[in-house]
Every structure is written in C-alpha cells, then in structure tokens.
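The same chain A turns up in both complexes below, where it pairs with chain B and then with chain C.
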Partner chain A sequence: MTGQSLPLLATLGWRNLWRHPRRTLVILFAIVLGVWFMIFSAALMIGIVEQQLQDTIFNLTGHAQIHNPKFRDDPAIEHSMPAPNQALLEVLNSRDVVQWSARVRLPAVAMSVRESRGVMLVGIDPQRERGLSFIGEPVVEGRALESISDNGIIIGRRMAEKLETRIGQRIVIMSQDRDKEVADRGFRIVGLFQAELEATETAYVFAGLATTQKLLGMGSDISEISLVTNSREGLDPLVARLSNAAPELESMSWQELEPLVVTAMEFYEAFMVYWYLIIFAAMGIGLTNTMLMSVFERTREIGLFQALGMRPRFIVGQVLMETLILLVIGITIGNLAGWLTTDVLLASGIDLSAFAQGTEQFNMASTMYLTLRPNDLLQINALVIALGLLASLYPAVKAARYVPVEAITRT
Partner chain B sequence: MGTVLRLAWRNLWRNRRRTWLTAGAIAFSTILLVGWVPIQFGAYDIMINATLRVFPGHAQVQRPGYQGKPKIRNAIDDAETLANSLRNGSKHFTGVAVRAQGFVLLSSGSRSYGAQIVGVEPEYEGDTSSIPGLIKEGRYLSSIDAQELVIGSALARNLKLKVGDEVTLLGGGKDGSVAAAILPVVGIFDSGSRELDRFFSEIPLHTFQDIFTMGDSAHTITIMGKSVEDQAQLLTALNDAIRDRGDVVVLGWEELVPGMKEAIQIDKVSGFIFLGILIAIVVFSILNTFLMSILERTREFGLMLALGSRPKRIAGLMMLESALLTLIGLSIGFIIGTALVYWAHVSGIQFPGAEDIMEQFNMPEMGRIYPQMKLFNFLLGPITIFVATNLAAWVPILRIRKLEPIEAMRTI
Partner chain C sequence: MSTVSLRKVCKTFGEGELAVHALRDIDMDIGKGDFVCLSGPSGSGKTTLLNMVGGLDRATSGEIIVADQRVDQMDKGQLAEMRLTTIGFIFQAYNLIPVLTARENVEFVMQLQGIPADVRHRKSREILEEVGLSGLDDRKPAELSGGQQQRVAVARALVSEPALILADEPTANLDSVTAENLMDLLRHLNDEHGITFVISTHDKLVMSHARRLLKMHDGKIIDDIQQR
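Let's look at the complex of A and B:
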C-alpha cells in the first residue's frame, strides 16, 4: 500500500461503517463495554493490590529495613543491632531517604488488671515515625507519644477492649531483658490508635524508644531500622549502598521482606491478562461476525472493485481499515468511560464498610480505591487493537479471495 | 406447527456459515458461564469447610457473652455431662467436643511467648478439629488427664522447642490464683494457618481444669454437623437439646466466624456483577448476527407477506429460528463446559501461586478449587443466555409488523 492510498482506504472504511448505522452502533457498544470493563476491572484489581502494598509498607515495614541477620528468623533480644554508625548514618541521611527511624521490636505480654495478651512491644522515636508508619499519624483517642523517653504507652482501640482497660489506666508489660531475666514495668495508657485491621490493633503496643531500651537493659541497641524513599526505581541501589555501609547487617527491600505481597502482585498481573482475553473473546466473536457479514453483503461490490483492478491486499486493507476505525472509536469512548468511572465517579473509593468483617477476612481495607495505571491502559488498548485486527483478518482475507466474475454475478 | 418448525430448521441451514458463527458465539459464552458459577461456589465450600474444620466447628455451645469477651470465669458448669447428653442426643451431631480456653505465657529455657492454650478431650477433639490430624512431629495428646502438651509449629520454632522438651506455662486460674505448670511437648502441629501455628497450644482437658482451678467446668462445646448445608437442622436440634439448661446459648458458624459470611457475600455480589457485565458483552456480540439474520431477509418477508402469511406467523417463525439457533449453541457449549467442569471437579483446579496467597488469608486449602457440581450452578448461565438472546430477537421481529409487502420486496 502506498502512502497515498491510506486516506482513500480510510474514507471507504468510514463510509462502509455507516451504511448500517444500527449494526455498527451495536458492535461499537460491545467494544466500548468490553474496553470499559477491562479498564474497570484492572483498576479495581490493581487498586486492591496497591492498597495492600501501601498498607504493608505503612504497617511498620517501610520501603527497606536493616536488621541483625538473625533477627528476622528469630526476633529475640540477643539478635539486636547497635545504633547506626557513621558510615550507615551517611547513607540514611542522604537525599534518597525521605524518613528513617530506629525501633526496638520484641515480643512481650501485656497485662491489665483483668486480662493478659501476647503483643509485640515496639519502642519508637515518635518524631521520626511521621510519614514512615501508621503510628506517626495522630492517635484516635488521647495523645500520641511525645519523645523517645515518654513514660506512657499507646495501645490499639480493640486491644483496650480485649484487655478491659482504658486511657489513664495502667498496664504491665513483661518481656525478656538482655540477661534473659523477666523485665516488667507498669505503663500508663496515654493514647489509643486505630487501624483498618483488627489484627494490627491487637498486635502492637508502642512505647518510647529510650524507655523500652532502659526497661530491657539494651543500652543504645535497637532491633531494626526502617526507612522510606521517594523513588521506586532508586530502591535497589539504595539497599545496595546500605549493605555496603553496614556489611555485618542485613539490608532488605520490601520485596524481600514481604515476598507474599510480591507473589500476590505477580499473580494478579498474570491473572489480568487471562481476564482481558476472556473479555476480548466475548466481544471479538461479535467483531468477527459483524465484519464477516459486512463483507458477505458487499460481495458484488468487492467483485466489482477487483474487476476494476483493485489489488487483493487493498481489499484486505479496506476491511482492516474499517475495523481499525471501529476499534479506535470504541477504545476512545471506552477509555473515556473507564476514566470517568474510576477517576471521577468512584474517585472517593468504593465503600464496603457495611461488610467490614468480610473485607477483614480477605485482609482488605473497607474502602476500595481504584487505581488507573497508564501502563494498564496502554496494555489494554494495544491488546484490543492487535487482537481486533487479528479477528477481522479472516473476513478480510475471505473478501480478497473472491473471484471477480463469480462475485459480480452473485445476487 | 410442524410446518413452521421444519421451515425454521431449514432456514437455519440455508446460511450455514452464519448459523455456525452465531451458534459458536453462543457455545463459547455458554462454556464460560457453565464453568464460572460452579467454580465460584466450589471456592466458597472450600473456604467454609477449611476454616470451620480447623477449629471453630459448625456450632458451639457457650455461656452468654463468652464469644465477645472470652473470660476464664465465664465457664459452663459440668460441661462433660452436657456434652455426653448431646452425643447421645441427635443424629445431626457428628462430632461433639468440650474445650476450655485460656491465655498463658509459655517459657522454654531461654524464651517466653504469649499463647492461647486449649484444654481438649483427646478422644473427641479429632471429630471437630483437624489439628489432631495435622501433627507433623511427635504425636497428639494421649488421654484426658495426661500431663503433656502439643504446640503450633511457628510457636515451637520461636520458643526453640523440640518434641520431648519441657515448657513452663504461667497464667491466671479461674479463681484468680496464679496457674503454673511444667509440661513436656509431645507433638508439634502444622495447620497452615499462621495464626494457629503461631499462637496455639493444646493440653488434655482434665489437666487444664487442674491447672486453672476450673473444677468440672469448661468454656465451649464444639459441634460438627454433617455438612454446612444442614446448618439449620443442626441449630434446631442443638437448641432443643440444651433447652433445659438455661445458662448456655448456641452459636452457629456465622456468629463464630462473622467475617466469613460477609466475605462470601462480597465475593458473590462482585462475582455476579462481573458475570452480568460479561453476559451483556456477549449478548451485544451475538445481537448483530441475530439482527442480520432477520434484516437481511426483508425481501423474503415481503414475498411471504404478499403470498398471504400473517406478520404474526412470520414473527413466530423468527422466534422459533432464534430459539433453535440458541439451543444449538447452548447444547454444544453445555456439553463442552460440563465436561470441562467435571474434569476440574475430579482433579481440582490449581492456580499458580494461589496457595501462597490463600495461606496469607488463612485459607491454605483454597489453592486448589473443586467446582461444585450442582444443577442450579450449571443452568444459571445457559438460562441467562437463552433469555437474553431471545429478548434480543424481539428487536428485529417487531419490525416485521410494519413491513409493506411491495416495498419490502424491492429492497436488496
């Protein structure tokens, strides 16, 4: 095909489409619906996964962590690490790190007058947790911790219910200290935090970093350093730099820390492609049928074209162009509809709080946010155009194979 | 009527290609829908059974208020006698087991962790819980008063305990006294549920009652029925059985694991919405061939009208044609779809990577899905398609009534 003939094919394709406006509108509607559905389900699926990722990162994980190499397998006090040295501090305070914080994180038992529970005692630096984890956010009741040597403790809202205690009362925290003796201490509850998942609210209690270190006789030792960075791509080099600065410690990105989240993301991405194919099959079969019909109807006309000297590949081109125009219109409207539903209509998320316990069962937050990624849009549109043209190849080739004389004489 | 049927049948095969195209489209979407619903429902079965089998059971008898606030003081008196009367009471109960539960600090030589401790009847616990069958090292508890303990695999690892090691437990007794004991670990279980493996330990019931000064009381009587579907009968039978005990209540699994029912509801609703949209796409896809098969034949209709056919009769013919066409597609799709589902029902469907994810959701067995073979599940999809395509056929059929024979015969 020469460059000149393209406009001609486009004109032919466009006019052919509107010979049967009703038929074109029906198949157009199927394409729009299909494209919209692909976009919507991608946004829903990716939204759920991204939110799980955000929650995981905000749930004391961060983008990367540094530990004693033995700590992750066996989170015990003897697997603590020293406070960061000069070399490590240099990397931590570099431009790539938005926020970092040192924590003590050890198993303990929390006892109120009536009940006792196993918890994770987390000693934090309140100022540094801001923007790093959920505990840096304001608490739902009472006050947040004010400094590393704050004497109060913050527990989960639902934890307070389980322990039958409330703000202002004391609970006893019991754990093992450096010499493997039982260390215990009473804390006054100064604030209650709230988390989306009940498991989070009952898993952690937060005290000042220095207070915790003193209670457990740890000196300046800590359990972990957690950090967030501002670029996803820069994470791996950053982790490598951390490893270089502290070779005796273990520096890991969230992908290594939470392999399940990564597995889930990969699973969903693979699943999405299958899902697209199913949706495409549903509309593709209609597309092939419609193009076939439109070619059958035009048998005589196509025969005439050929008799007048049009090459078979131009006939293929003509049908493909017709499909392309159809697909482009369908995709444009579909994308628009997809953007409208995800970014405008449902921009504030889908509220499932009526099913809060159910979403909890799935480890999901009760509000679902749709996430539209440019990459997914690109993938969907490319897939629909490629497969759509493929689906109309059969009718196109069919038309090109007509024998002119037979085709013209057919009624 | 016989003539119309023959006419309809022959009309279908006048344009074989179009018929096969349309029937193929219908067959394809039928396969999709026949496969979908049974898989969805099969997944719920597994989710419910897997979760309930591990520990909660189909129903429990408890003291009022225990479910919300499991306090050690809120115990059922003389629990074993009540359990024995239930065992003999109804054929609906396939498993009845008494449990007492508390929270302790477990300490090995160097480590201490908080854990849930459950006193169980070793003889009966296997009827209501899968934990006795999930012992990966050592053995399960031997008798109701043995001085021994089994423990979750992650908890054992954290405490650095092996089978044969001793563990100290420290907690509060029913009367408020300090409850303490040293017991040997005889078994380690691996349930696949993170929560149970990390926070759970079991000891014989009488040992529990001694340590925690419980006397003859316990906290729950767990009951298994024949299957989740018999839940209503199970609850009725259970309520009858405990009527003369005013101090206890019956809780079904919906109350024991409140999240699950909602989880299934969300999934069902979203599943049906997705299915509905997919059906809509399929219907619009098929609609064109349908429209064409009628619009194309304007000339023929004109001739029939001129020869004296009533519009009604032609419309009837068209209805019959579309019904036949749909049925051909449906049958093909149904046969292939059912065969696929049956194959999946026998061998199970394994999604790559799904097992890891389901374990995270506390449902390790969800990695493999066995579609539920039930008539309703199979027919739901095909019926929807049948109704939808035949409704779609009405659009062109209504036009026939407006046709003028002479004009219609002139169209090409």
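Let's look at the complex of A and C:
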C-alpha cells in the first residue's frame, strides 16, 4: 500500500458508507451513544471519586500530615509533638506548600445540660485553616473562631441537635490533660458548622489552638500539622523533604493516611476499563455485523478489485478504512456530546439532595460533580478505535480471502 | 515472441465421478500485439481459459507464462501484482466501481500502481477522449448507458498500457450497433497501441473483428484460424 493509495482508500471508504445511509446512520448512532455513555460514566465515576478525595482532603486530612509516630495508632495526649522547629518551618513555608496549620486533636466528651457525646476536640488556628479544611469556611450560624485564643467553641449543626443545645449556650468539654488528670472547662457555643456528611458534624468540635493547649496543659505542643500543596504530583518529594527536616516525626501523604480512598480510586479505575469493554461489546457486535453485511453485499465488487490487481492487504485496508471513518465521525460527535453533557449541561453538578440519606450511606455528597479528564477521553477514544478496528478485522480478512474468480461471478 | 504461452494446461472442477474437465491439455501461444478471439459454445472452456491466463483461478496442471512470468507458480500476492502491472480486464457486465466516477474508475488501477495524480489525470483525460467519452468524466456508472460503461471499462483496462487485455464476452450486454462500435474501438486501440487482446465470445460480430480465431469445444482448442 503506497501513500498514493490512501486517498483512494479514503474515497472508497467514505462513498461506500453512504451507499446505505440508513444503515450507516444507525451504526453511527450506536457508536455516538456508546462513546457518549463511556465519557459520561467515566466523568460520573471520576467525579464521585474526586469529590470523595476532595472531601477527605478537606475533612482535616490535607494532602499530607506530620505526627508523632505513635499518634495515629493511639491519638492520646502523650503522643503529641513539639511545635515545628526551624528546619521543618523552612519546608512548611516553602513555595510548594499552599497552606499549613498546626492542630491539637484529642478525644473528649462534650456535655450540655441535657446530653453528653464523645467527640474529637480540635484546637485550631482559624486563620491558617482557610483553604486547608472545611472549618476554614464560614459557619452556617453564629460566627467563626477569631483567633487561637478565642474562648468560644464551634460545633456541628447536627451535634447541636443531639446535645439539644444552641448558639449562645454553654457546653462543657472534658478530656485528659498532660498529667493524665481530667481537664474540663465550659465553652460558649459561638457558631455552628455544616459539613457534607452528617457524621462529620457529630464527630468534631473546634476551639482555639492556644485555648485548647492551655486547657490540656500542653504548652506549645500540638497533635498534628496538616498541609495542602499546589501539585498533587509533587507531593511525594515534598513528604520526603518533610521527613528529612523532622526525622523523629512521621510525615505521611494522603495516600498513606487514607488507604481506603486510594483503594476506592484504584477500584474505580479498574472497574471503568471493564465497564468500557461491556459498552464496547454491544457496540462492537453491531459494527462487526454492519461491516460483514457490507462486505457480503460487495463480494462481486471485491472480486473486481482483486481482478484489477488490488492486493489482499489493500482490501483489508479498505474495509478498515471504512470502519475508521465511521469510528472517527462517531467519536467526534460522541466526544462533543460528552463534553456538552459534562461541562455545559451538568456543569453545576447533579443534585441528589432528594436522596441525601441514601447518598450519605455511600459516603457521597448530595451534589455529584462530573469530572472529565483528558486522559480518560484519550483512553476511551483509543480503546474505541483499537477495538473497533479489531471488530472489523474479521470482515476485512474475510473479504481479502475471496477467490477472485468466485467473487466476481457472485450474483 | 509470445505474450501468452500455455503448455498442457488442465483445469478440473470437483473430484471423482463428479469431476468436470473444463480444460484438457491446452497448448497455446499468443504473440505480442495479436488480436485473438476464443469462440465456442457455452461450457466449452473459454472463460475458464481466460481466468487461468489472467491469474484469477489456478490451473489443475500445466504451465502458464504471461509476459515472461510463470503464472502457475505465483502466490496470491504475486498474482495480484501481475494483474495490476501486466493485464487489463474487460468483463461482460461492465464491472465498474459504482461509487467512483468514470474518470476515477479509469484512474483506479493507476492509483493502485502509485502513479502521481497529475499523470493520472492527464492519462485518464486522454484515454476517455480516445474512447469517445470526453465530457462524461464526472458521471457515475449508473448515469452512463451500457455502451458508455463498457467504454469506461475499456479505458480502464487500457490506460496503464498492460501487455495483455483479456475481455470476457465484452459485447454480451450490448445492442448490435454499440457492439460494433466497441469492437471497432478495440481493434483501433490494438492497431494504435500494439496491445495484445484475447477475447472470449460466441458473438459472430466479435469473431469477425479477430485476426486469429481459436475455436474451443469441451475444454480443447479444436481449430486455430488466422483471419486478417
């Protein structure tokens, strides 16, 4: 096959397709629908995973954390860590880190006049939590904490319901101090926060970092440092730098901190490939059938091609070119439809608030956002073209194997 | 020097009691620039013989040489190459490619040969003019009459200047006037270009145009007549 022959292949392929416009349009529709559905389902799946990841990162995890090595197994006050030293501060204040914050995070009991609940008491620097975690966002009721010495406390909206309390009322926070003695104090509720998940609203209460350290007699010690970086790809080198700066502490990326999320992402990635194959199987059968019909109908013509000296590989190329044209048109329209659906029509997400309780069960937010990644598009398009050509290889080879004298006399 | 040479060529379809001997020990030589008609009743082996010479089918035994190439020893790819470069075909049922225009049909073989577009366009324009179809270049086969279609087929067979043109009942679907015109054209092209023609027919009109007439019966050549 020479370069000169490619225009001939393309001309024959294009015109042959329109010999039976209805049949071509039907298979084209199937390809468009298949490609669109692959793109839509990929965007939906990736959207769910990405959102879960974002929620996880925003839910006090960050992209990386630094702890006392024993803190994750036993988040007790004796497993606190000192405030960051100069070497650590240099890395934390480097260009790669967008925001970082030191926290105290210890188990406690919150008591109102009517109820008591086990909670995680989190001492924060409210200025540093902005852009780092959900508690840096405005509260839904009342006010946010103003400084590390703020005497107020912020609790979740759902927690307020459970404790049967409200803004302005006092609750008592009780925990264990550095000397293993009970430490407690009353806090006035100054704000209520809302989180994507109800579980978050009942899990955490937030007080000023210095106020918490003082309550628990921790001095300047903290439980953890959480940070977000400007590039997830550059996270591993950053974590390595943190480990070098503070070898006695444990620096971990979100992948190590949240292995379940990583597993879920890997599962979704693997699932998507199988999902694509299932969708393609339906499309591929139609494609093979169409090309077989096309080849059978043109047996005599293919015999003529052979008689005129068309080589077998050129005949294979001719059938494949027809398929390729179909696939390219189908993929182009399918991609356009996929982009319109994910980035235009559903750009503001799919509202599932009517099923909020159900989505909560699956750790999903009430609004699902679709995420279209260039890599997924490439993967889908490459898969459809490769498998599409594979599906039409059988009709193509069949055509190339015709015996010229039999084919040309076929009526 | 022979353009086509056959030695003891046999073709048998089927086996055992059901075997049909389509060709029996054919010996034949056709010289360069000859204009030969194979005549005979249906089933005499004319078309089978053409198919063997053209490499469209394989002989059961015997030796076939076309333009100094052993056709009987070629594989599928070599046969395709030989048909592309050495032989032009004209079939009974015109056999044009329906999705291509007259000009594109004529250029088809040249395109397979990898001839540049400007050369193809010039040659196709000249040959269409020579067969009396200038101005009809952009018509699809369905927009042409039977005679015009057969002229396009002739132009296609001729344009790449093959050593041999094989025509299988080329006038079978044409009325007598169109058939006469076509045969005049083929003889004219034979005279002008010196291309060897082998035509199978049972049409007396076609036979009357032949320089040499080979009569076939039951798979054998029974007569070899030089005409004019």
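Here is the rule we go by: the second predicted complex is superposed on the first by the 411 of 411 C-alpha atoms of A that agree within 3 Å, B and C clash if a C-alpha of one lies under 4 Å from a C-alpha of the other, contacts with A are read in each partner's own complex, and residues count from 1 in each chain.
Please note the rule applied: contacts are C-beta pairs under 8 Å (C-beta built on N, C-alpha and C of every residue); 3 or more make two chains touch, one makes a residue touch a chain.
All figures in this text were calculated on a predicted structure; none of them were measured in a lab.
Engineer: Applying the touch criterion given at the start, work out whether A:G34 contacts chain B, chain C, both or neither, answering first, second, both or neither.
Structural biologist: In the superposed model, A:G34 contacts chain B only, not chain C.
Engineer: One more residue to check, A:G309. First (chain B), second (chain C), both or neither?
Structural biologist: The answer is second: A:G309 touches chain C but not chain B.
Engineer: Looking at the overlay, what does A:A281 touch: chain B (first), chain C (second), both, or neither?
Structural biologist: In the superposition, A:A281 contacts chain B only.
Engineer: With both structures fitted on chain A, tell me whether chain B or chain C touches more of chain A's residues.
Structural biologist: B
Engineer: Once the shared chain is lined up, is A:V172 touching chain B (first), chain C (second), both, or neither of them?
Structural biologist: A:V172: touches no partner chain.
Engineer: Would you sort A:A264 into first (chain B), second (chain C), both or neither based on which partner it touches?
Structural biologist: A:A264 contacts chain B only, not chain C.
Engineer: Looking at the overlay, what does A:A10 touch: chain B (first), chain C (second), both, or neither?
Structural biologist: So A:A10 meets neither chain B nor chain C here.
Engineer: For a test of understanding, state which residues of chain A touch chain C in their complex under the given definition.
Structural biologist: 2, 4-5, 7-8, 11-12, 15-16, 19, 300-301, 304-312, 314, 403-405, 408
Engineer: Where on chain A does chain B make contact in their complex?
Structural biologist: 22-23, 26-27, 29-30, 33-34, 37, 41, 74, 76, 107-109, 114-119, 164, 174-176, 180, 182, 260, 263-264, 266-267, 270, 278-279, 281-290, 292-293, 297, 352, 355-363
Engineer: Within their complex, state which residues of chain C touch chain A.
Structural biologist: Going by the criterion above, the answer is residues 51, 54, 56-57, 76-77, 80-85, 87, 89, 91, 95, 97-100, 104, 108-109, 111-112, 114-117, 156.
Engineer: Would you pull the chain B residues touching chain A in the complex into a rising list?
Structural biologist: 17-18, 21-22, 24-25, 28-29, 32, 69, 71, 103, 105, 110-115, 157-158, 171-172, 199, 258-266, 274, 277-278, 280-282, 284-289, 291-292, 296, 351-354, 356-357, 360-362
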